[in-house]
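Each structure below is given as structure tokens.
Consider the two complexes below, in which chain A is the common component and chain B and chain C are the respective partners.
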Partner chain A sequence: MRILALVKRVPAPGARINITEDEQHVDDKNLGHAISPHEECGVEAAVQLIEQYGGDATVMSMGADVSEEQLRAAVSVGISKMVLVPTNGSPKDPQATASALVAAIRELEEQDGVFDLIIFGNESADQGGFQVGIRVAHELGRAMVNGIKGLEIPDGQDGSGDGHIVARREVDAGFEVYELPLPACVGVKEGINLPRYPTMKGRLASKKAELVSLAVEADADAHANGRQAQTRLKSPPETATETVILGDGVDAAPAVVDLLEELGVL
Partner chain B sequence: MSDFPTKANVVVIGAGIVGSCLVGHLSRLGWEDIVLIDKGPLPNPGGSTGHASNFIFPVDHNKEMALLGVQSANQYRDLDRSVDSGGIEVARTQERMDELNRRMTSATAWGVEAELLTPAQVKELVPFINEEIILGGFHCPTVSVVDSLDTGTLFRNEAMEKGVLQVFANTEVEDVETVDAPNGQKKVSAVVTDRGRIEANYVVVACGVWSNRVANMAGATIPLVPAVHQMADVGPMDVLAETNTEIAYPIVRDMDTFCYERQAAGSMEVGSYGHRAILHHPDDIPSNEEAALTPTEMPFTQDDFDPQMETAIELMDMLGDAEIKYAINGLLSLTPDAMPCLGETVEVNNLWSAAAVWVKEGPGMAQVVAEWMTYGYPRVIDPHASDLARFYPEERGDDHIWARADEHFIKTYGIVHPQEQWEGRRNLVQSPYFSRQEELGAMFFQARVWERAQWYDSNADLVERYGLSEREVEWDNRWWSPIINGEHLNMRENAGLFDLSAFQVFELSGPGALDFAEYLAVNKVCKGVGTSAYTPWLNADGGFHSDLTMMQTGEDVVRIVTGAFDGGRDEHWIKKHLPEDESVTFKNLTMSTTTLGLWGPNAEAILSQLTDADLSFAGNPYGSVTNVEIAGVACTLFRVSYVGDTGWEIYTGWDNGPALWDAIMDAGKDHGLRPTGMGVYAVTGRIEKGYRLMGAELESEYNPIEAGLARPKVKAADFIGKEAYLAAREAGDPESHCVTLVVDDNVDSQGRQRWMQGGNEPILNADGERLVDSHGRVSRVTTAGYGPSVGKNLLLGYVPAEYAAPGTKMQVMYMNELFPCTVVGTGSAFDPENTRLKGE
Partner chain C sequence: MSAVLVVIEHDRGHVPEATLEALTSARSIAGGLGLPVHAAAMGEGAEMVASQVGEYGAEVIHHLTSPNLGDYNPEAWGQALVGCVSSESPAVVMASGTDRGNELMAQLAARAGLPFVANCVDVAPDVSSMTRSQWGGALHEEATLDAEIKLISMAPHTVEASPGPAAGRVDEIAVDVDDSLVRSVIRDRVVLSEGITLSTAPVVVSGGRAVGSEEAFAPLEALAEELGGKVGCSRAVTNNGWRPHADQVGQTGTRIAPTIYIATGISGATQHWVGAMGSKNILAINTDPEANMVTKAGWAVIADLHEMVPAITEEVKRRKG
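Entry: the complex of A and B
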């Protein structure tokens, strides 16, 4: 099967995020960068499907040249091809992003055939818009489900041609199960799998992989006013937490009991 | 947690391995009312300790690093926070195999068990290694892996349980305040934190990579820079996981690729010192909140590590298929000369530094600082090369710190020659003769910041004249030239002119100057204007602090002349002891004074052409200091010699120097005078006479009696260390003596002539036994050099009294081979009666 996984370069999560003085960017001077966590699971899902059913997987990112780092990270865990849709800075308007991605996907599909499955992350870790995947799918006229935590190919199929794919979405009471006709799009969520770390050999192999840069003409209308624009960024108020030490050793036991009673768990 | 204090005796800033061990050691030495603060949480406040690989290779060529490494390893063992994993340094090149032989020599010197292994023997210990790409290994079974965070906690707990320590985590220092002290000095007074202000008598900066920033708050400097050491944790691997323990296999240092592989339970830590130097300003290190991991675990820059992964996989193929689970750009501290920063800051009294110390030396160096604060000087070892006061102002700025760290980072696992010179940051201070010396083809060596001519290519003809030759083995020949021996022999035959401008020249003046001079020195200094003394300065325990000359140049003026490597330390020592009544004024005259040395049998004939002064030995006796005019230039003549031939140190104003040089060179034309370099002054001339050098033969671990520098009588005046000195004299014959040895045969097992470098080569008895006295002091080479006038390789070092008799047969180890040598005695190998000093 042919799979395309889309990834975005975002500041590595885990630390306090500072905003630059002009309130337009995340201050990344102390931060490393990573693939958005949901998308990292998307990459892992693509690799697992290819391992099981054969075929090839491509990873694509839209962003500045430095996004090459995330593309190579995906190749280092088993993706075979990588494509960069270059932009100046981080794209802000989801429709513009979606239009550019659709143009790039069409060009790739013209060259090598249709992607049976396009995997997005549920939402990006930085902007969290939940927008791009559904807009791309809509424009391509393909079925799309977001929030996916399980992907399966029905018995006897190989995930390509006119088959379908089963996608599971977690809800309060259990799972919603969707059958999507191929070619299809899904937005996956953390928890669908445990992404592997790259091996040293994988990392070294990724250094040798060819980076395809695919500049596309985006839909001019997509950049028109009235679409989404960024005014300014602001850090949320820090939630103050206080650590109260209840005591040391057995002496702390009564205080622990009191607290558990207060919380109503006893 | 107790209320935040407003007063304390000592505030220690930084609760990493160093600060934590320091409070423990201070409490053991009886200190009370100690406060330890750190901006991060405990037990891992987020500095370099938290991400250290925590292993200790106990063999180092440097004495301080080796002995404090062993001492630290033992402290971890005493607390049961250590496992002896063993460790192997593997060689991929013949040059590295030679270095491993040198490691074996140092292991013997420091008494560390070690052996050389064949590739097959390495494979037996490390079954997953590719033995086909290595030539051998240096195995050290006592390499240990320690728990540095837990050790820090135990040291803190020890002090807290005594009730002498309060600890405050998550407390950030905002300022370090000072007050004026006598003699225009500053003294630390308080630490301002985000939780309040603490007045303190002593403040210790143990802030690792942040140390310079915190010292700067008080107007002091601790020259270090945070630098990246990349490390990746890869795994799991079955062969490691099956051991069910933190570490079962020896740590492998892949020396030629500057990498190590260290088992960490089921994974392998691959660490690198092979990437480009990546330096950060302390202000650019994130706070604990801004850091994804901890502040000193910065985002991994994968591209820098890729070449290291390739070579690591070559050595251990299994690493290639293991997952990279955790990878960091870990920060650690680098200094301009790769040695730690210990001791009191020179800018602010009672503000101390315990910085640029890695986990492997942490407990030992913390003990050094604690003893220093307690006794005025450490007892466990002489921290001569780690003393923060060693740095000159030119060495304390970021431009210098960064450039030097950039140059030496790649040498962390490098093969560094004992005489190795820096490439960058040269010509920081040049003497007035620099352009003349350049024209003469001087080979410049840098003495801290000073450029000194080691030899002159213009004297190459002397090599032929005296039938000299290069050395056979490149290592022995490196940073050396037979021209040195030519210059030496010419000096003995005619005369040599030496540029001694790197001398550090100080002046004490004022009503208390003479008394203060006597208080510093063992020997009587002030016997009237125009007199001098060559004298040790001792610490309170009676060991050497300094060794220098002092001259009474006025009714209440004393000049002090010391070496380029000790100027900073000696200046700090003087200032620290200046009388509080301000009766003594200190001046540093170094940059306004230049010194030439003129020595050799023709010295008097040369100089007498330029002056009417009486230069005869009777009229101008040894040790005399006279003001004379030479070639119309006002000079001070000091009749003394460090090279064993008659002559003078000639002092004049900096600007007069070039004219004086030209006049003397011109007057010497028909007397065989040659410009002569420091190779003669510091090594060949000195070693033939057995003259001792501070930092080599003279260290705080030895006293003047052992060094052979005790005078028949002790002066009446009090001086620092007098009580200990008198006790040592009364104790009778010392246990060890500083002696000269002559190497009887320099030919190695391959039939090559070898030449010792003076890099702590062990001196063994005829049976090949290592010699250690009851104080734990090992017999080792403190200076090695060729004696061109005696035609032999000479060595200086201390040996136990029973081996000190002239004629005793001994052996010296060099490059892991033994060479026979014989004790000359405690005096000189050349002209023992000193007839030449008198021009006879």
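Entry: the complex of A and C
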């Protein structure tokens, strides 16, 4: 099976988000970085499928040169090849990002053959455009479903050729089940698996692995029908909350239940 | 005729609250542009949505038909929307920023070669600029949108759904959907729980790292059950394997909007807060009065959750008699 996992470098989730003075970027100089959480699970999903069905997995990121750190992190948990599509510091909108990724994927597939499965994150943790994977899949003419929290290969198949992949999407009360013909694309969500930690051997391998840099351009007509552009970033308006302390310790239980009664939930 | 076209996200005829919110937002956007609100619905059960969609402001409901439209299928539904957009030339196409809403808008955008601005929280009257949410709502981006047909989704819970009746006339449009796209249809469903879910529960009792173990969630389960609610948790809890990821509240988990969110032993990191901030009321139970969750909550008790949660359950039981 040939798998491609797409990842994005983002400030590690959970941190307080500050904005640079020019209001154009997240001020990340004091923040640690990570693979965007859904995509970290996409890397794990790729590694698990390769362990089960054989083949090789590639990780690709479009971004600044420092994204090498996240590519090597993916190699340290079992991905065999890594590709950086450099942006030279200029972040791109979803149309341009998708267009450049398509060019890069076509080049990789021309060299080594079609990817049976391309795994995206459902949305990036930072910009959250909810569309790059869908645009890429459409351009490549492949089936695509987003929001996937389960992947399996049907019995008797090996995840390649003209087989299928069963993809499960979590909804409110259970799962929707899709069966996509390969080659296919999916957007996965955190919770599809629990990503593993790298082993010492994995860490050493990731240090030695070769980084392939693939400079591609977005299609000149990517914006033929219009574009979106960021003007500035700002903090959401804070709704000032006056916290009412109902008490200290178990003596506050009656006050809590008074509140529940008042809100009509009891 | 130009209009503001709302994509009706429905599941076999059931229209979620988020779509009613999108219709509510569409009425004010359409009002600013001097245009009517139209809606597009397709697939299994689409014929059942008309009266509700009309009640929330759609003058016309375009019922898109094709032999290849059945149960939900992001690719086929996306291509059907392209057909509707080319025949109706709406000024704006919008949906709710849910999983399905964003997916359908992205499918339409990819196929029509148009830009798409997801999860708007505020839109200028001419829809050429907007504020959208990044980092799950922890950050806002002001953006411009330059396109003849403007594609947007509204972040869930941006407005409260309110009715605003309009004619709701149904107009059938036959659309082309390639046979090949049948590949992405729902093949099966697995129902794991009947009744209320985390995203619809009126009460969510949630635990964080301080709960300490899988077993220690039992008292939270007991309280949730007494209150007819569900148990939620923070990312630290799912990362420790104490609860399934389906229970996670947060940016990468579920966005909840209960009447009351009872957050116990949760510090309130940004990525958790953005999943909880849609709650109508928040009660934080924490030993640390400075915890983010405590300072952002409307109510708080400074206590150890392991003592406090059973004490609340006892008091609830006592009053129920």
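What we mean here is this: the second predicted complex is superposed on the first by the 231 of 266 C-alpha atoms of A that agree within 3 Å, B and C clash if a C-alpha of one lies under 4 Å from a C-alpha of the other, contacts with A are read in each partner's own complex, and residues count from 1 in each chain.
As a convention for this text, a residue touches a chain if its C-beta (ideal position, glycine included) is under 8 Å from a C-beta of that chain, and two chains touch if they have at least 3 such contacts.
Owing to the predicted nature of the structure, the values given are computational and were not obtained by experimental measurement.
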{"item": "First (chain B), second (chain C), both or neither touched by A:D93", "value": "second"}
{"item": "Chain B versus chain C as contact partner of A:T241, first or second or both or neither", "value": "second"}
{"item": "Touching partner for A:P13 - first (chain B), second (chain C), both, neither", "value": "both"}
{"item": "A:V212 touches, of chain B and chain C: first, second, both or neither?", "value": "neither"}
{"item": "Residue contacts with chain A in the superposition, chain B compared against chain C", "value": "C"}
{"item": "Chain B versus chain C as contact partner of A:L31, first or second or both or neither", "value": "first"}
{"item": "Chain B versus chain C as contact partner of A:R168, first or second or both or neither", "value": "second"}
{"item": "Which of chain B and chain C A:E69 touches, first, second, both or neither", "value": "first"}
{"item": "Intersection of the chain A residues that touch chain B with those that touch chain C", "value": "13-16, 245"}
{"item": "Complex contacts: residues of chain C adjacent to chain A", "value": "11, 72, 74-75, 97, 99, 102-103, 105-107, 109-119, 121, 129, 131, 133-148, 153, 183-194, 197-200, 202-203, 227-229, 235, 238-239, 241, 244-246, 248, 251-253, 259-260, 269-272, 281, 283-284, 289, 294-304, 307-308, 311-312, 314-316, 319-320"}
{"item": "Chain B partner contacts - residues on chain A that touch it in the complex", "value": "12-16, 18, 29-33, 69, 196-201, 203-204, 207, 245"}
{"item": "Partner chain C, residues of chain A touching it in the complex", "value": "13-17, 19, 26, 37-38, 93-95, 98, 122-123, 125-131, 134-135, 137-139, 143-147, 149, 168-181, 189-191, 194, 223-236, 241, 243-250, 252-257, 259-261, 263-266"}
{"item": "Interfacial residue positions of chain B with respect to chain A in the complex", "value": "1, 234, 284, 286-287, 289-293, 298-300, 302, 306, 309-310, 312-313, 319-325"}
